[in-house]
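In order of appearance the chains are A, B, C and D, and numbering begins at 1 in each one.
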Amino acid sequence: MKFFSDNAAPVHPRVWAAMQAADTPDKAYDGDALSRRLDDAFADAFGTPCTALWVATGTAGNCLALAAMAPPHGGVVCHREAHIEIDEGGAPGFFLHGAKLLLAAGEGAKLTPETIRAVIDPIRPEVHQVQPHAISITQASEYGRVYTPAEVAAIGALAQERGLGLHMDGARFANAVAHLGCHPADVTVRAGVAALTFGFVKNGGMGAEALVFFDPALADVVRFRRKRAGHLQSKGRYLAAQVLAMLEGDLWLENARAANAAAQEIAAVCGDRLIHAVEANEVFVVLSPAEQQALHAQGFEFYDWTAPPGAPGAARLVTAWSSPPLEVQALARAIAAL
Amino acid sequence: MKFFSDNAAPVHPRVWAAMQAADTPDKAYDGDALSRRLDDAFADAFGTPCTALWVATGTAGNCLALAAMAPPHGGVVCHREAHIEIDEGGAPGFFLHGAKLLLAAGEGAKLTPETIRAVIDPIRPEVHQVQPHAISITQASEYGRVYTPAEVAAIGALAQERGLGLHMDGARFANAVAHLGCHPADVTVRAGVAALTFGFVKNGGMGAEALVFFDPALADVVRFRRKRAGHLQSKGRYLAAQVLAMLEGDLWLENARAANAAAQEIAAVCGDRLIHAVEANEVFVVLSPAEQQALHAQGFEFYDWTAPPGAPGAARLVTAWSSPPLEVQALARAIAAL
Amino acid sequence: MKFFSDNAAPVHPRVWAAMQAADTPDKAYDGDALSRRLDDAFADAFGTPCTALWVATGTAGNCLALAAMAPPHGGVVCHREAHIEIDEGGAPGFFLHGAKLLLAAGEGAKLTPETIRAVIDPIRPEVHQVQPHAISITQASEYGRVYTPAEVAAIGALAQERGLGLHMDGARFANAVAHLGCHPADVTVRAGVAALTFGFVKNGGMGAEALVFFDPALADVVRFRRKRAGHLQSKGRYLAAQVLAMLEGDLWLENARAANAAAQEIAAVCGDRLIHAVEANEVFVVLSPAEQQALHAQGFEFYDWTAPPGAPGAARLVTAWSSPPLEVQALARAIAAL
Amino acid sequence: MKFFSDNAAPVHPRVWAAMQAADTPDKAYDGDALSRRLDDAFADAFGTPCTALWVATGTAGNCLALAAMAPPHGGVVCHREAHIEIDEGGAPGFFLHGAKLLLAAGEGAKLTPETIRAVIDPIRPEVHQVQPHAISITQASEYGRVYTPAEVAAIGALAQERGLGLHMDGARFANAVAHLGCHPADVTVRAGVAALTFGFVKNGGMGAEALVFFDPALADVVRFRRKRAGHLQSKGRYLAAQVLAMLEGDLWLENARAANAAAQEIAAVCGDRLIHAVEANEVFVVLSPAEQQALHAQGFEFYDWTAPPGAPGAARLVTAWSSPPLEVQALARAIAAL
């Protein structure tokens, strides 16, 4: 029973079907009919013209977008616990040619205009210090917390005021929108986001995310950078097929709702154990080492940690579109019984 | 009837089957059972211990390997018409942090010890000039020409003598080995190759190549670089599945033989039109603009060019594992009838 | 009366004399007789064989050294207030090709084994996280604090235990050694330092620092990187002359002692105003905005700040080898009279 | 008797005097009074507003300028024998983050619109190929050949037509202008040059070149990049002093005329030995190995080569502003006597 990561979930049957439907020769790279439908498909989803490029991973998507927003001598504000800072193996340093991540605080791994200002206001506007060029926020955050449209808009307003690009790492964008019940544009283009890494791999896809640009000039740069980074797959139609299948009939929302509901089912029994409000598909709970072991012994797999020593242990429980209801119920029961 | 590129061919049924067999949750990234089988599978194929990493594209594979062989201030000798020089959008400059490609000549886009020496011998061994650190050869070459084991070994000997790493871009490695009828080790590890980009995408795969290292120290570096380049896919098991299916029962050879045979069938009618000996699955022929048009009008798609002005036109006809025999015969007849 | 920075001080007469003595044609770059004397001169100063390269700035020196110690995908531990992190315009990101600075705490801007471990121990040894490859410490620190030989040795032992390179940013190395009264080797090569950026510009030089390597393999790489960074000046003999003049008769120590003594003279009147113990040539004092203004009005120039709002203001007073005694006395009197 | 390189010549007395006049404390970096005079001084020299930054070396100057003109995924057209391609240790790869030099031909190491077009016209305007963003020409060229105003203007027109930046490597700009007898603007800003690396080190300076921008947006970027590259020296006033002294009273022209005249004196006796027309301060002559030895035996130092084997040997004789007339006459006599 795997609650380790939504990363490891299987591929949705409709995604498989779409990939197989793409299994006839077509133009290579992104010249095929499916890849050429992406812009329109996302324009429909967001209600505004946009440019969309497939890319295999969120790391590549995030870093390609940011590389179009910040020059090598510039900086990007992100949360000090953001994925790009902590868990991408230094990819921003690579794709942005040494540009600097400027680390800001914020509850629940969410930035606010105040925490951003606390980082950028003290920067002297001269050559000895790296100047900010962009902001990157994560929706939902590393702790499964969701930015409301108003929260994104406040950051968007700051970004515009200071001339900074605004990027959203949407590895779990679907879960966030499912939670908010808003239009996807409400937390993106209408709130000042210029580029979105729209994640599908954790939500039923196989190996395709979408980079959605509401500013076409960014996309023009990223097309060259994508190839240069070895991310322009020659059989791109299979990636486009995945993305289109996820958009079709709002499968992305359907899957995210399932994952979110499973997380709520677990959260419901956690009470005071909850470390963060559960808004997407991640449940962070206090679990002593003994409790961790007890759950592991019952066959539940999840990421746990005990550091710092002396502190109570904790665990991260992640649900997916495909989490079997019986397993979710079993986990909830097991936690309740601790 | 598509003779544009093997890049655009469909995915082999056994590859599909293997991917679908992988559709149950497992560890993310390359921690899954399939990814962990790669080293052994390639050790079997090459008859020697090796380390193998999947990667989505040949560009990423080539550049990750070379980045482990040459420091940012170093150089890599390659043919002036090599893919890494001409058609990878500057990817080597990106992955190698500005290291330099040192361009050598050679008939059929193949390097020789002589043409390599002609480039590296005049380099003054001092800091004003970029020093060579590696050699990259392409098997089969950009013109579909194949290095024999002796030819690779001669370059390997030079590489060892000069302390240079030797990399093989094997986007069409299968076609080369099928042509040679040798053991795959004969043109790689036994001939001094330290790292091979073993291509599968053009030969029946979907989006997975293998980086095969005969020097494990290189692999240790590349593991970090692969993540840093956004190429560590979270559902890596689907890439491992493709690669294992291609190795299973030597499907890679079977597919390559089919593509090569189709190319021979076309070549057989080309006579004096042939620009390069046909050894793999590419046929380069002299075709006047009018002849190009005539073939296009009959439904044959291929890459053609007429430059430089005044020169006779030419075309590249590429076959794939899946080229329909009837279409191949039709093309052969059509050329014969010109 | 300038107490803004030792950066702006004039050039020592013996340095001028040495430069002018170099004003006859000799080999270009670092092939001249003076440049070739550097290794021996530093071997004498440190009592051990070493390799020394001139470079125009501390930023270049620090970053060239670190680039030889950490690969592009690696990390360098430094203090969160280190010059390389705060005030070098992102130079480490440039020279190290996107490698990451791993920021540690420590009183007085000094690292300790404990604060280093607090940063590196939680790093998971896998590809999603940037691994440490080197440590950089600053002697004297950004706050004019000095590492004792035992403190450096403790960090050196940790570095060795973990296989990390140890670099010392010695922009004010002379002031630190003058304060300690120890042999320069005691806080460098004998304590595990592999590369030292030995600063002369703040201490009587014009535009030459020395990169001193106790590990010759590092120097071999840096020679290429120095040229590649545009730092191999063609008339290098004028830089070598500066460095040799500073070493000759221990002028570096004589100058540093003068600057330190001036700082002590000021510190002596500061009492509770002192924010950091004064060990080198920098005096950090609490000064209200009104007091800052009062001193400025009397003609004293220095760097001051009032942030964060509500907090008492502060100022940095920097002395140099050339600080006129009368001006130093005047400043001390003026502070005492506040 | 040194005819090896103008790189090794001494510093002009007026440059020394200016440096010593700068030997009082002033603001650090480029905040001093002298550095702030540069823009106006060059505006006077070129008869048009411009922005000028000092930098220690031509390599840094060239690469900083080009980095502001071409993105990391772009390309810069230069001659295949240009200094940036051959002799800067891969610096363009470093400063431009892996952007590519696109190598063009041309007699005398000079580009022409035709040779540039021969390189850029075949580039397919798509992501697999590196697109040109700038052109770099060298005045005088690697072979001491000089572009006329009309020749530069023709390249400038092409650059404008194709939207490419135009950079001039003017390591020997002074020698070129002295030869042409034109206004310096005639071969730069009036001919479409956007950035000039104006060399002084080979012409009487010590360690200061000027980067002159006729497009201020480029300078804004370069200011940050200069610091990031460790090229913002803290005692910048000594560099500014050198540059201002060279401009004062057209010392740069006076020195260049002296060097050119010396070269002509040597050229006058070379007759058929001359490999390139002598237009600046370099004389390339056919000299057999025996003749090379004969001259060396008489105390003449110069760079010679004999490759390729069997070919007649050759030598490069470089004069400087300071070449002693008696030595020049002696060399001329010695060659005449061969």
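The rule we apply is simple: contacts are C-beta pairs under 8 Å (C-beta built on N, C-alpha and C of every residue); 3 or more make two chains touch, one makes a residue touch a chain.
A quick note: this is a predicted structure, and the numbers were derived from the prediction, not measured.
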Quiz item: Hey, which pair has more contacts between C-betas, B-C or A-B?
Solution: A-B
Quiz item: Through what angle, to the nearest 5 degrees, does chain A rotate to match chain D on its C-alpha atoms?
Solution: 180
Quiz prompt | Greatest separation from chain C - chain, by CA centre | solution = B
Exercise. Round to the nearest whole Å and give the separation of the Cα centres of chain B and chain C.
Key: 50
Quiz item: Roughly how many whole angstrom separate the Cα centroids of chain B and chain D?
Solution: 42
Quiz item: So, what's the distance in Å between the C-alpha centres of chain B and chain A?
Solution: 34
Quiz item: Of all the residues in chain B, which ones touch at least 2 other chains?
Solution: 72-73, 88-90, 93-94, 97, 127-128, 224, 227-228, 232
Self-check item: chain B residues within the chain C interface of the complex
Solution: 71-73, 97, 127-128, 131, 221, 223-228, 232
Exercise. Going by the contact rule at the top, pick out the chain C residues touching chain D in the complex.
Key: 2, 4-5, 7-11, 16, 20, 23-29, 32, 55-57, 59-61, 63-64, 88-91, 93-95, 201-202, 206-207, 224, 227-235, 238-239, 322
Quiz item: Considering the complex alone, what residue numbers of chain B touch chain D?
Solution: 72-75, 86-90, 92-94, 96-100, 122, 127-130, 307
